[in-house]
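First chain A sits with chain B, and in the next complex the same chain sits with chain C.
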Partner chain A sequence: MSHGVKRTREAADVLAARREKERSKLQAYLELTDDVVARKRAAVFTQECFDLTTKLLGLNPELSSVWNYRRLILLNALFPNLSPEGTFSLLQSELNFTTGALKQYPKTYWIWNHRRWCLAKVPPGPEGAPVEKSWKRQVWARELFIVERMLDADARNFHAWNYRRYVLASDPGLRSPEDELAYTKKKIEASFSNFSAWHQRSKVYSALWEEGVSEDEVRQVKDAEFELVQQALYTDPGDQSAWLYHRWLIGNGDDTAVLKREIANIEELLAIEPDSKWCLESLVHYKRLLAARSQPDEAAQLSDLKKECNTMLSKLQTIDPKRKARYQELVL
Partner chain B sequence: MDTLPASFDVLLLGTSLPQAILAAALSTSNLTVLHVDPSPLYGSHDSSLTLSDLLSLPSHPPPYLTQLSLSTSPTALPELKQTSREYALSLRPMLIRSFSPLIDALVGSRLSKQCAFQLLQGLFLYSPASPSPTSTSPAQSTAPRATKVPASKEAVFTSPLPLLQKRKLMRFLLWAASPQPLEELPELQGREEQPLLQFLQEVFAMDQEGAQALTFVVAQRVRTSDPALPGLRAIRQHLLGSGRYGPSAYLLGHYGGAGELAQLFCRMAAVRGTPYILQHPIERLDLPGAEGEEVRIKLEGIDEVFRAKKVVMEPSLARGVQQPEAGTGTVQCLAILEETLVDEDENFDTALLVFPPGALGEQGLDRTVTCLWTGEGSKSTPNGRYAVYLSTPCDAGEEKEAKKLLEPYLQAFVRLTGKPEQEPLLAFYYKFLGGGSQASGEVGVEREREGVYVLRGLGEGLVDGADRAAERRGCGPEWKIR
Partner chain C sequence: MDTLLIEKHVKYIQSLGENTDDLMYHMTAHLRLNAIYWGLTALCIMGRPDALVKEDVIEFVMSCWDDDEGAFGAHPGHDAHILPTLSAIQILTIYDALDRADTKRIVTWVAARQNPTGSFSGDQWGETDTRFAYIAVQALELLGRLDAIDKDKAVAHINRCKNFDGGFGATEGAESHAGQIFVCTAALAILDRLEDIDQPTLAWWLAERQLPNGGLNGRPEKLEDVCYSFWVLSALSILHKLKWIDSEALVKFILSAQDPDGGGVADRPGDMVDVFHTCFGICGLSLLGYPGVHEINPIYCLPADVTRKKGLHMDYEVLGKDET
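What follows is the complex of A and B.
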């Protein structure tokens, strides 16, 4: 469907001629579909059938059962007769086929599925080759290249970020965590209003810290990240993506020293941006975390925290009336 | 070869960029056009020059240049002569806004496919040396420096400015870029004529350096008294232009910019049938004295006298018409250097540094001096060399010559480069007549009398020239480019 293209009234004979041409096309398509489906039902797996699926999928790539049939032919008829080299070569031409299809239909799930299936089927090899020269490395490197082009075109495409994680998980040798951190930093510096880039950063750090890193090192890294995100918060306090990352850095607030420090920083920002919804929202959240960790002998501080939260919550109700009920719920 | 008709509808004198665009526009109409230029090169004063072209200027100065002073370092001269053709230099460097009538003209005529551009990679403000404010510490002064001016959200985010200043700057940029017409913004009411510098400091609490950066670098204002409203308009244009072709609001044409573009427009006209006669001086030009009379032109070396119903002249070729205030123009310096500014380990091939008014104290001027440099990236120079263009407007009453005015600025710039001790391979100082501060702008083609038109309002500064070349104000419908 094209936007902005006016409906033109066609002359009756032109219309009739077009319908006739379409009818014969439709006829051919239906005949082809019937043929392929019949062959599939009969479980016939030959090169001829394979070529017919190529033709049919070229006309309509959303026929999921025809993709299935294609894969069955590959598994039952084509792969068994091939050497690993032959298999790899055939898979490469399959990948090319999907690339062409994706250019026309970038959102069709079945094409992406077929691509993933092909990537998973790449055999180990060539014999004796080091990891950097293996077929697997070749295809995954190419996938990464494609996804990076997609992210250059649109850095906020979360499908592409998802696919990137899938590629990196399938071949971890492609990018070191440091490389990945540098890549996310580059995307964030280009435009920090990018939830996916910040999110990826948090994923990389989480994976790194899972392997067992000293608390000191984690705190050091987090301090540097707090500095980075603070630049974003001051540049645009209205941008939610940076606040989300900040909240991830705080975590559950166990480190009360950091919690207090960040509360002070945000209060400074609030002083010059008194109507900033995100400042108020975050301060309420962080002060509640602090309140939950207050010691029995800190009754006065606890009472102060509650008062401050409630003042901010009533301010939020006026600034953000759509979420009035939520702020009312949060009152301590 | 076809013989030329003796009579044309329009005669164009001079192939500078505005004239070239006009020729291309006229070639799409039914009017017959003859395009003449005594210069041997397309582009006239906009043409791209090789180094040899430049070296021969002092001996045969064109009418629009005065106060010429060219010197080369003796060791460099052989190299310069040998690599002459690798240079494409301009006497009036031109930055093109990413949203501008010139871009529209290039895209509309499809000539954009035949030319390429380099993005301006950085904007810098010159800060003079400052003594230490405290009296207890020894006389510790900060050296003069060039600070990068952030003018987009991304640039502000990554800049080394303190947090509070980032917030103030962003707040101002968002206000300036809002979709509401500037005249309606409440903060501006009653302050439109106030100096922009003052406005920024009073209304947005900007510090002096921040206000200077916005006024003289982003808004490209010339004097401290320049008013707020036009300045804010320029800032808004800058902000909206960022991002169209990349993280910058300005483009510089390859191969010398204006000269290359003038050639393209002329070629378009020629392909569509406009005859071109270059390199023949004008022996005689008779303008129509009464209604119905034709323009007659006789060129040296050609017997035929050509006639035309109308003539459009470039200011420097205009004769028999009233000229604007003689002596106004810009003083400029074109220098060739080995190395330019290095900022945080980043090399800038094409960028702009602005010296604000008073930057060099008594040695300097009370108005801005722009310093644009470009290298291999815009195919203006061979590898390892940069063309540096200094420029500032100049009234007729100015006593000091071009070299005296601008030499301190060139020296100040050289001291900021990655090789502060370098001697310029070449330094060419000159005054370029015409253009200049016609801010009240009669722009486009001004009708002198029946059948006679003169190009006016070539624009002041680096950016105006490009905008005005393609603007069509005050012209009849036949001048429109489709």
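What follows is the complex of A and C.
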């Protein structure tokens, strides 16, 4: 699979010249691959084999079987002769090896997997040492540091975000939920369109609220969150990320006071940006939620809401024609 | 480019096995079995299922069998993994040659990938991903042995990977991604549990993947890519909401990503082509009712005539034809 590589057309002579130049490289690669596969098939587990996997994986980290072989060598030949200190040190050099590979191939699943496997193998460290000094804490703190550098390089790399969640779950003492909220906020403020950070923020709050927080507290937090979203919406009303998060905050709209307040806020933004698709789209959704919650004696209000939705839906068909069929279907 | 260059693409796919003196050919050995499945599926959809030598392909598939494990690797000598195992089963299904494989051992191996939480690992080393859940479910259904796993637990795990935006991620807590949405939606379709999906929300999110240039992205505020034509469209097709995007604009985008000289389809116009994007671009066109191509069944990403013959799930939408 190639992504984002520009197409070039090689003339026959250029192609031939390139292949000629690559011939020795190809030969060496094939010989190394055959050698490693043969040793693996024969279940040879030695330092020499280990070094060959280092060489081969350096050339091609997509070879999952070679990562598997490398782990078998560690388990069968290298770990058994090592003290816990020695094992720890070897695992640290494994982690460094994968760090190098990830710099070059940040989206290769097998590299991330090998890293996770190494971390699970880290011995607990000297008995009686305080948590902060334990080997586990040392490695997890480093993992967090590395994955944050990777998110600095590509703030949307989902491998890195998934890995980050795994690091935090593995050592809950590393970061409090408050730290994590601060981190996601930093990411969001660096770029409002970083939906990965908004998503993570929704997960942190969901987990906190599941632990049993009063409705009042949730409302207070949400009010502050609505303000953060508002900033993003005013910065670029065409950016989906903040609108999605706004929808998460509203949820099913049971809090009709908040729902009405937010509708009013979006209508204010719409007055400034009359052709904002996302303002209209969100207003339709929220007014439909409100309509679904109207009481039997509010027939007039219900009829108004329906009319307003239908007017907005017909405008949406003009300003967002790609999704015209959806807007037509939503007309009441 | 306003037409699908079928002849060029057929030649391109046929030529893929001939580049054995190219380094890139060998560097992608880990995708070989998948690549054959992508190529063969694209050929079937273009109405040229005989463009590869059937017996050679089957022989190659069988050479990828990992007899220690009882499943397929991506290439001879590679370890078994659930990804190439599904490709092998799909290729053998298309060629009606499942009797060549030790399906009993495959069923045991695939079922053993289910974890106590209901999730599935890719191999004995334990990486979990909703892709593997879909693969296990499809593989077992193609082998007629969906009973070999705990279906309720599988469904419960997929549901735990669901997000507020209606989409699904790779693991619990992970961000929604069109590729993961395809696998989760299709797995739930096979497991007869589509009612577990928040369909209006998910279909809305999927429709919002379309960008002004007609192409589809895989997550909010990301770039378009031809492969999402299939991930997004397949889910919309299963939800019967294909009309929620502008199909004309998407057809144009896919066609513009063709290589008019060498054949094949790229991720974006002007980029290098590969068989992965060629397959998913053409499958996308099939769902959009592009004239002259055969029907793909998006639930399995297999030719519809193959799944019809096997009596598999056929409830999905294809544009321009009466709903199936």
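FYI, the second predicted complex is superposed on the first by the 298 of 332 C-alpha atoms of A that agree within 3 Å, B and C clash if a C-alpha of one lies under 4 Å from a C-alpha of the other, contacts with A are read in each partner's own complex, and residues count from 1 in each chain.
FYI, a contact is a pair of C-beta atoms (placed from the backbone, for glycine too) under 8 Å apart; a residue touches a chain by one contact, two chains touch by 3 or more.
Note that this is a predicted model, so its numbers are computed, not measured.
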Exercise. Touching A:203 in the superposition: chain B (first), chain C (second), both, neither?
Worked result: second
For this session: Go through the superposed model and pick first if A:121 touches only chain B, second if only chain C, both, or neither.
Result: neither
Exercise. Looking at the overlay, does A:137 come into contact with chain B only (first), chain C only (second), both, or neither?
Worked result: neither
For this session: Would you sort A:306 into first (chain B), second (chain C), both or neither based on which partner it touches?
Result: neither
For this session: For A:6, select first, second, both or neither according to whether it touches chain B, chain C, the two together, or no partner.
Result: second
For this session: Tell me which partner A:293 touches in the superposition: chain B (first), chain C (second), both or neither.
Result: neither
For this session: Return first, second, both or neither, reflecting whether A:230 touches chain B, chain C, both chains, or no partner chain.
Result: first
Seminar exercise, completed: Larger residue footprint on chain A, choosing between chain B and chain C, goes to C
Exercise. Does chain B (first) or chain C (second) touch A:68, or do both, or does neither?
Worked result: second
Exercise. Once the two structures are fitted together, what part of chain A is touched by chain B and by chain C alike?
Worked result: none
Exercise. Which chain A residues qualify as touching chain C in the complex?
Worked result: 1-9, 19, 22-23, 25-26, 29-30, 33, 37, 40-41, 60, 62-65, 68, 71, 109, 113, 116-117, 156, 158, 161-162, 165, 193-196, 199-200, 202-203, 239-241, 244, 247-248, 251, 321-326, 329
Exercise. Once bound in the complex, which stretches of chain B touch chain A?
Worked result: 153-154, 156-158, 163-164, 166-167, 170, 247
For this session: Using the touch definition up top, name the residues of chain C that touch chain A in the complex.
Result: 21-23, 26-31, 73, 77-79, 81, 123, 125-127, 163-165, 169-171, 173-177, 203-204, 207-208, 210, 212, 214, 219-222, 225, 227, 241, 243-246, 249, 259, 261-262, 266-268, 270-274, 276-277
Problem set entry | Of chain A, residues touching chain B in the complex | 189-192, 230-232, 234-237, 269, 272-273
